[in-house]
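Heads up, there are several structures right after this.
Two complexes, one shared chain (subunit A), two partners (subunit B, subunit C).
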Partner chain A sequence: MGKLYAVEIVYRGIFQKKLATNISRAIVLAAHLDGKPGISFGRYGDSPERNGIPAKNFAIVATDEQTLQEGMAKYEPKEVDITISVDDTLCKGVESWAWYGLQPINKLTKPGGTLIVTSMEPAEKLIEMAHNRETPYNLAIVKGSRSFSGLWVYKDDHTDVRVLGAIAKVMPELVSLDAMKKTILQEWKDPVKVASAEKSYNRVTKALVQPGQGNPETPYQFELPKWHEMGEGVAIPCIPVGKTVEDPVTHVLGGIRPDRNPTFKKFSTRTMRPVVNFETCIKCTLCWLQCPDTCFDVTPEGLYDANMEACCGCGVCEAVCPVDKCVTMVAETEFADNGSQWETWRKDSTGYLQWLNQKIESRPERSHGFRFKGQYQEQVGEMLQIAQES
Partner chain B sequence: MATLAPAVEEKKGGERTALITGSEAIAVACQLADVDVITAYPIRPYDTVMQYIAKLVSNGEMDCEYIVAEGEHSQFEIVKHASAVGARVFCGSSGVGWMYAMEALTVTPALRIPMVCMVGNRALDDPGAFGTEHNDALAVRDLGWMLTWVDSGQEALDSTLIAYRVAEDRRIFLPCAISCDGAFLTHSQSLLQIPSQEQVNEFLPRYNRADLLLHPDNPITVAPQANEDWVMEIRRQNYAAMERTYGVIKEAFADFERIFGRSYGNPFFEEYMTDDADVVLMGMGTLSTPVKVAIRQMRKAGKKVGFVRLRWFRPFAAEELAQCLSRFQAVGVIDRDYSFGSPHSGGVVAGEVRNALYPGAGKKPPVLGFICGLGGREVTIPDVEKITESVYQAAEGKRQPLTQWIGLRE
Partner chain C sequence: MATIVQIDPTQQLDPFKSVKKIPTHEFFTSGHRTCQGCESALVMKMMVKAAGPRTIVLGSTGCMYVANTTYYSTSWVVPWMHTQLGSSGSAALGAAAGLKAQMRKGKMKQEPINVIAFCGDGGGADMGLGAISATMTHPDYNLLILLYDNESYANTDIQLSGSTPWGANTTFSTPGSVKRIMHHRWKKNMAGLMAVGHPTCRYVATICMSYGLHGMNSIRKALTIGGPTFIHSLDPCPKGWDYDPIQSHELGELAVQCGIWPLYEVEDGKLRLTGRTQQIADGKIPRKPVRDYLLRQGRFAHFTNDDLDYFQSKIDQMWTKWLIPGVIPFEKDLAADNPPA
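Now for the complex of A and B:
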């Protein structure tokens, strides 16, 4: 009986589909050079043609064909040696299009396995973002900002090869640096990318995450009904309209909080979230009308509170808001919970405004979308700089 | 931007290894077969084939008419006509897309059009799931289509070449659909052997429509209106052509082995660990992977289980299969399809297997049917163990339900 290796690449739909494919494919090609067969595939239940939705690619490698077949006999691996998260906000958990509930980023990582994250954040922050667990695992960081591109374009900022270099470091028995370098040259015909991979190999940082370290929340989950419990004729009940909202200070009831799908929340699609200045809001209703996910709750006084259990972080509200800095998108890494901003503001408006301004000041570059011509060229330059210096 | 070309290694005789999906493998087979006319209309998972072909065409690596139709019905009609005027054609679809083309699918075998197409097996709507189910391709099982199921990217590539060879044989002239399970096959990249152009040219003669060529130099009318005075004789011709496929498929596989050096053994079904088996499982497509792994595990516990993977569903090698199955004490057929209201409410393959066994002179083992893996649900190793348990009970003469649903939430 030979040995089986599995790597998962957790990525964001559309923005990182090509990046994830490049990584899983190169793992298999490099392992092949080392004499190990393998396969590379995307999880079919995902829908990676949707903006930002978490999705997975897998690379499975074995020491022989028969052992590989054992790995292929499962729809997806039940445990992996390496989990790669190519966007640090995915560390908060993954809810795919396939309605599995929210899965911790480290759910499949074997005890003693490694989670590789591309991030500019320190290890402590990433560990806090990920759910805690009973067994230890390693956290390896490939320093870099989020590498997002579009459906038809690929931002070749070396994130793919830098992750590949880190894999060779973390698990040389899966694939050697030598084989990885050869594969990169063969696939991309670019010696600079080989150099980036080697730099990453030499510089990747690693920390041991102890049992119990991390987010203590139990990720939300649900039971699927039995066949005789389900309604017939592929008919499902509608989501009820919703209920009024209670002011946490005056206990006045008013406005409306629409009921939402209890088993598919989608918020792990978010890489940035809106923060709202309730004192400059002119109640124009545009954010509420234009939100594609009906994520705004209407408060008793007619304000609009973006509900973080429903927001996908698309940024439309910010784009349509006519008031300067009333709705502002801020990177998801800056937040630890999904609580109501409006309730916080009602309880302590001064404290809330301080918090708001601090968030707005620290807001980083938008995570996705073209903002100006030449943006990718500029971002690729910045990333290569990071790759050189990190 | 990074290059999109697959990493390749040059092998002797121009053979090469490439890391590609089952869908890409079929696209590469179309390229090697130098297909003339290809029509496309997207539906997952078949769309991956049309995407790869489009890429080959736009990269200048393949020369063909690539027509994106406005729907599946036109998609299949266009290639039907192209084939009638002498073009080698390729087409494909999945699930309800295939069903939308149904009228075109019925006329294609009647006109003796050797169309080759890929069916990316997908559950029929509703609900709009895109996982594997075999009812889409099986819907044409009575119409004169040859139907084959493959279980690996390599077999997808090889079967496409074989399909052209068989379909375009003047003794046959029938369409052939290659069924590929969505996800497991269409979306997984594995390392495949890609044959050389010289090998393919040796294996696959040019399409020659001969006396049936619709051309000004060969003035004929195709498909005139006919009444009951003609229909039975027309059907009898198709019956005869389908009868001839057994021999032509065997010929093609033998020649394939000679030229490409890869052997599939019996073309119609694959036997796995059957030599000393007490009982066997049966099925089509990629469920072979979990079944084989489960069998290896069960054999360690002393259970002598084998597997028979049906490769060709049409033609159905009934006599050979009956002979094969007579060696075992019981048979469990895993259907990734359903046939509501059918005898014993079983799946399609289970019914066909019982049908094949009934008239034979040999021993008739009990045949149990299992409906499993619908809509792309994973066929797990515990599922296979549960199935085997029941088949063993039947082998010991204990009464078992003839149809069981496995892996269902109940």
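Now for the complex of A and C:
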């Protein structure tokens, strides 16, 4: 029996669909050149994809045809040699839209396997974001900011080939750098992309993650109904309307926190989250009213507190807010918890404002898909510069 | 002569006077699996907020079914039922007739209950058109059909529908290197079709939830007037239109401000332009050029200046040549249509 290799690419649905396909496809094509058969496929349960909701692609490669067939007989791999996360905020966990609960990013990574992350963050920060586990694994970082585009226009900032170069470095027995370079030239007919892959091969940084290192939280999960518990016809209870909110200082009751679907939370869907300045808020209601995810709780004094269980980070609240820097979108990497901002502000307004300003200052330029024609051409130059320097 | 039509009383839902008067309770809540910045989910939220708690919602297949009620879970606070892709009309009529009969027989307390069926543009403007049309001819039942239109079959990954605008990139109309424009049809005029062809339909409106108060008040008006009513909502779709979700709200505003999506209502046969559209028609605000709207979306990124000009000319035609601007596309003199090659 031969050897089977599996790679998973965890990505943001739609935003990185093309990017993930490019990566998994090229892995398999390069393995073919090295004489190994393989198959690249998207996870069935992730389709139809939704913007931002985590999804997966797999590349399965084997040393011979029979081993590949055995590997493909499974619905999806139970363990992988390499996990690739093309958005570093996915290190906090993966909640796909078609199943329940949060899966740690490193859940399928074999003991001693590698998690490759594209990020501008240092290794320590990424390790803290990922859930801890009992076996060691490697963290490899391809330095670069998140590459987001949409269904129709692709931002060709070389993130795809840079990840491919890193794979050849991390696991040469899966695919050699030579085969990878040949494949890239065949696929894209662009020698600059080959050079980007080789630079990434030489510059990818690695760190060993020890057992127990990382986020100690138990990932959010619950029991699924069994098939024999389902009745004839499908009827389920509606969601209750919600409860009043209690002020943590005065214990005054008021406002409303709507009850929410307990089986799907959106915190793994977002790459950015809103931070709210409750002191400049003019209570215009627009963030609350225009939020497609009903994520704002109404506080007793009529302020709007973005609930981090329900926020998917679209940014509409920032767009509609008429006050400068009252609602501001900040990268999800800057936060370690999902607590209520309003409660923190009520308990210590000075401390909260300091925290808020610090978060706003850390804000990178938004790169969250297509905003105007010609934008990607402008951005790609900048991204390539990062690629060359790193 | 006694009238044959016997219609039950409806809930009297007065318009919300301002955004601050909108109740804080939600009847469609968080935990649906829609895209970041999904405006159709916003329509669902505002639709039931406007209708209130005594409401039954029926939804035909589409994003707002698949994403909102996946595998034994829901985001609905009010009762909701799924119906087949083409059956929003039949489901609305059946539910309204069922309620009426139950109340007449004394099996239910006599009270006005809102019945709203929603459908996407695929389910409503394409597949379900026959059933919706038939439903609109029944004057005896109180129901509202709300068409949430994101201009493609977005749930199954953006196949073009009868509502997709000219030239847009979809899975079925990908621009190529030889042929750039692969979609040559213009968007179906659903609200106009409903209003012109269905004299028994007492209220038809077009809305866009970027103007939330306006949209919610249209829904309240439809439910109060009673009989079969129809509302068509335009919903920017970050997935299918290919844009950064932060633009969702603004693109809805731009669709109206560029004159592509005229807001109007037809109440018992009387037409009234509403909201920003009325202001444009009255010359109070200028109509923006369509390129402001089109170039913000990846689905139009392949457009050349000729395409933009052509699109603009069709919108100008709608405003200057149509028998009733924005609503009824009859012209006395037909101009030649010359789309770019």
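Miscellaneous remarks
Rule of thumb we're sticking to: the second predicted complex is superposed on the first by the 377 of 390 C-alpha atoms of A that agree within 3 Å, B and C clash if a C-alpha of one lies under 4 Å from a C-alpha of the other, contacts with A are read in each partner's own complex, and residues count from 1 in each chain.
What we mean here is this: a residue touches a chain if its C-beta (ideal position, glycine included) is under 8 Å from a C-beta of that chain, and two chains touch if they have at least 3 such contacts.
This one's a predicted model, so the numbers in the text were calculated from it and none came from an experiment.
With the two structures aligned on subunit A, subunit B fits next to subunit C without clashing. When the shared chain is aligned, subunit C comes close enough to touch A:316, but subunit B does not. Looking at the shared chain after the overlay, A:306 reaches neither subunit B nor subunit C. Between subunit B and subunit C, C contacts the larger number of subunit A residues. After overlaying the two complexes on the shared chain, residue contacts for A:25 are found with subunit B alone; subunit C is out of touch.
The angle formed at subunit A by the C-alpha centres of subunit B and subunit C is 70 degrees to the nearest 10.
Of the two partner chains placed by the overlay, subunit B and subunit C both lie in contact with A:225.
Legend: residue contacts after superposition of the two complexes on their common chain; A:184 is shown touching neither subunit B nor subunit C.
When the two structures are aligned on the shared chain, A:14 is found in touch with subunit C, with no touch to subunit B.
When the two structures are aligned on the shared chain, A:70 is found in touch with subunit B, with no touch to subunit C.
Within the superposed three-chain model, A:151 lies in touch with subunit C and out of touch with subunit B [touch as defined at top].
Of the two partner chains placed by the overlay, only subunit C lies in contact with A:289; subunit B stays clear of it. The superposed three-chain arrangement places the nearest Cα atoms of subunit B and subunit C 5 Å from each other.
Comparing which residues of subunit A touch subunit B with which touch subunit C, the overlap comprises 153, 224-225, 234. Those residues of subunit A whose C-beta lies close enough to touch subunit C in the complex are 13-14, 47-53, 97-98, 100, 149-153, 224-225, 230, 234, 236, 238-242, 255-256, 258-266, 269-270, 283-286, 289-295, 298, 307, 309-310, 312-316, 318-320, 329, 366, 368-373.
Note for the complex: subunit B touches subunit A at residues 1-3, 7, 19, 21, 45, 126-127, 130-131, 182-184, 187-191, 289-290, 292-294, 296, 376, 378, 380-381, 408-410. Against subunit A, in their complex, subunit C makes its touches with residues 19-20, 22, 24-39, 41-42, 45-46, 53, 66-67, 70-80, 155-158, 169, 174, 209-210, 212, 238-240, 242-250, 295-299, 301.
If you check the complex, the residues on subunit A that touch subunit B are 22, 24-25, 28-29, 32, 37-42, 44-45, 66, 69-70, 72-75, 153-154, 156, 160, 183, 186-189, 224-228, 234.
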